[in-house]
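Scrolling down, you'll hit the structures one after another.
Shared chain: subunit A. Partners: subunit B in the first complex, subunit C in the second.
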Partner chain A sequence: MKRLSSIYFGILGVIALAFGIADLLVTIGGSGLSFGILEIPCDAFRGGWGGLIILSAGLFYLAGIKNISEIHQISKVMMGSILIWIIAGLDIFAMITESIPGGDRSWFNTLEGFLETYAPPYAPAIFLLPFSLVVFYYILKKERNILKKEKDEE
Partner chain B sequence: MNRRNIFLVLVLMSFCIASFAAVIEATPDGVREELPEYKLEPILIYDEGRDLLKITIEDLAESTGEELWECVCRPCSFRVTKTAISQLYEGEEHPTQGELKVIYHHPSGGHRLSFNYLLTEDCCTLEMPAGTSRKKFTMENYCYEFIRTDTGEIFKTRVKAQVFPEGFFVLREKVKSEMATPDEKAEFAKQWSDTRDKFLVMNSYDLFEGVEEAEEEAEEEAPNVVGGATFFSILVAGLILLLIMMYIRRKAR
Partner chain C sequence: MTKLGVDERWDLIDKISKKTVTFGEYKHTLKDAIGELTVKPLTGIPIAIAVLYGFWSFFSSFAGFFTDGFFVKLFDEHWLLWLQEIFPGKESWLYYIFVGDPSATNCFEAFGVLTSGFFVAIGVVLPAIVAFYLILTLLEDSGYLPRLAVLIDTILHRIGLHGYAIVPTILSLGCNVPAVAATRILETRKERFIMMTILAIFIPCGAQLGIMKEVIPDTMGFVIFYLFMGYLIFGFILNKIIPGKTPEMLIDVPPYQMPTAQNVGRKLWMRTSSFFKVALPFVLLGCVIVNVLYLTGFIAWMGDILSPLFIGWFGVPSETAGPLIAAFLRKDLAVAQLSAIEMTKYQMISAVVLVSIYFPCVATFAMMLREGWKELLGSIAVLAVVVTLYGGLLHLIWILLGVA
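The block that comes next holds the complex of A and B.
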């Protein structure tokens, strides 16, 4: 199980690292990239700063995979996930705020316009988001183990 | 020439310029203010810093200093630019400002400001057709040539004659020369409003020469509602799941 989680977060870390580097390269290049449902932004905030955060998330994951059951190691993995949640959360928040107003002609958007806002392409952080949530499973498992240990000691 | 004379000359010159502007820019009296239901996709174009701009027709009107209902030129120049982009660029490809040039033949401020705003000033050239003037327009004023400078491709088009009501230009000339009767002025205001509305609601292939129906369909891509709805559903389902999990955990404690 420990091995499986290390492999999982190792792969996630490498992908996050690759996405972070891609974000930074695209920002330096100054031209946004879009492949199918994936879009790599090129603006300074989402591409540059966001890329740096995704890159850091990848590094945190990779730093935490060795002996992952140890609390300090799992906290590094947790940290990586939190960084992804920040960026993905910002993207989703931007979508929500963009989807509600109707522009110049009306106060509120049409249903079609509302749903269109959530349509692809998406930034890399959105793709990493569901996979980063797996960390909850390990946190809860760790919590259970600690509680069980405490109970046994009592 | 003393200072007073210079001042007088300047004042007279400014009056002349203003009167020319009034002839070209003025919205005819009695035009319909309410616009028809229309849905026009924005023009997607990169600025010089390679940021992708989404310019709607409302943005264009606002940025060039007029309400949309006050002008025929803004809807016309917006539609012709969008059509030219769809003809010269494929799929996800978008032009960059400074790369797409236009030669137009319409001396109005609406055309000039719109093209300058959309494509930048250096890329817009006005060439007045023979036999036309600021007061006398013909169909020749509604011809456009777009040049994609990176590939050398050219798209030439003109507004179809059917877009303008019969006798529109004759009536316009009369109105602009202050020779029209009140009935003719009212008729012109109606025709003017109808023409403006056509530029907002008609398909590109009905408005401009050289545009095929299938190309128009590709230009106006259907919004991806299914993709958006799927993502939104996942988002809502995830949120509900999270709340349920939190509730169960709290209850378990």
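The block that comes next holds the complex of A and C.
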């Protein structure tokens, strides 16, 4: 479990780090990049500022994988996930706020327009989001193990 | 009632503590470990950067949803047209004051009390203020704000303040008025003076931020950065000039906790409603006074007098005299007025910066006066120097870049 978790969050950390660097490089380059369903934004806010945060998330993951069962190490992994939740959560919130108003034509968007807003391509943080949620499973599993151990000792 | 002796009192204390206190080895929880990460500079700074990103991203999406999504349409396509249709006497001064320019096609450019006044207050400022106070309350109630104070303490000591100065600083991003009141949490007169002065000059309020987002969305980042640099530079200078002490900070950092909906709702309502009690009358009154000043020719006269300073020193058109006078009443209204003046992108940045660092709005002015007239006079003296130097410096930057 411990070894598997270290490998999992290590890989996630490397991917987040790569996405962060890509975000920053694309922002410096000045034109957005799109590969199929992945889109790397080039604006200073999402690409630059956001890229720096994704990069930090990667570093948090990598800093936390050694001796991952120790509470201070898990907190780093957790913090890496929190940073991804901030970026991805607000990307999704921005999609929601864009999808409802109808623009110049009407008060509310059409069903087609509404659904179109949620169509790909997505920013890197959205892809990292489901994988970052695994930290919950790991923490719950660890807490259960501790409780079980305490019961066994009693 | 019998009096207990010393031994009896100790016995009683022992009995109470045995019943109420649990003894044992304290184990670090995940919340504790995360709490430690948020106050250590190496890990805390990236987290603070992420929190600020979240703050700004939420603010933009939330305010944009209501303002651009619904209020612009409501005010421009319905309210303005209806008022232009039913309000009598298109040539009269009453029409000019209440509805504004008869040929205006949007509420931003009309400048009437019932058009621009209501649109700015309800359509732009209300969503911005709600978004701002919601996030502030969540940060406060979750326990992040005291940690941010600890994290930022070292930086703020360089400008003669301590970590808790982050509270008035962040508050003033909502409204300068409660922020001036919040400077009372700082211990010494030196700290209070520095804080009050730099927040009144360099920190744009939520209303102003909301309008900036509408008027200069592409260059807003630069304006905020320039103001932030001014906050640090002039704070540093004031710290060197002003005598007095900056004591160390001693604060009790609470554990992280989940904010409750009831508390958040109550705080949000209290802050938003008190902001509106202060702001709304000034926005509407501001519209009336500015329109009267335009009608009487006072603003044109001021523009003529100040034009050498405006054109030569600041590099902005003389027409910006009007918004600068309006800025004393409401800064958000002044930024809205700038949008109607023909300017280059760089002149617009300079003008928005000038409106921001120019005299605090009259509500803040009144609040500062309550804190002491000596402090107020001192702040005004600093402000005059800052506006001249910092406004001129921006013009110099444009000249050096070859864009002025």
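For the reader, a short list of remarks on this structure follows.
Here is the rule we go by: the second predicted complex is superposed on the first by the 144 of 154 C-alpha atoms of A that agree within 3 Å, B and C clash if a C-alpha of one lies under 4 Å from a C-alpha of the other, contacts with A are read in each partner's own complex, and residues count from 1 in each chain.
Heads up, the rule we're going with is that a contact is a pair of C-beta atoms (placed from the backbone, for glycine too) under 8 Å apart; a residue touches a chain by one contact, two chains touch by 3 or more.
Because the structure is predicted, anything quoted here is derived from the model rather than measured.
The superposition on subunit A brings subunit B alongside subunit C with room for both. Shared-chain residue A:Ile74: touches subunit C; no touch with subunit B. The superposition-derived angle at subunit A (between subunit B and subunit C) is 70°, Cα centres, a multiple of 10. Of the two partner chains placed by the overlay, only subunit B lies in contact with A:Thr117; subunit C stays clear of it. In the superposition on chain A, A:Gly32 contacts subunit B only, with no contact to subunit C. By the touch criterion defined above, A:Ala18 reaches neither subunit B nor subunit C. In the superposition on chain A, contact of A:Val134 is made with neither subunit B nor subunit C. Taking subunit A as the reference chain, the count of touched residues is higher for C when subunit B and subunit C are set side by side. Contacts of A:Ser56 after superposition: subunit C is touched, whereas subunit B is not reached. Nowhere in the superposition do the C-alpha atoms of subunit B and subunit C come closer than 9 Å.
Residues 30-32, 34, 37, 42-43, 92, 103-105, 112-120, 122 of subunit A are the ones touching subunit B in the complex. Listed in rising order, the residues of subunit A touching subunit C in the complex are 44-45, 49-50, 52-53, 56, 59-60, 71-72, 74-76, 78-79, 82-83, 86-87, 89-90, 93-94, 97, 100-101, 107, 139. Listing the residues of subunit C that touch subunit A in their complex gives 28-30, 32-34, 36-37, 43, 46-47, 49-51, 53-54, 56-58, 60-62, 64-65, 68-70, 73, 221.
By the touch rule above, subunit B contacts subunit A in their complex via residues 46, 49-52, 56, 58-59, 62, 92, 223-225, 227-229, 231-232, 235.
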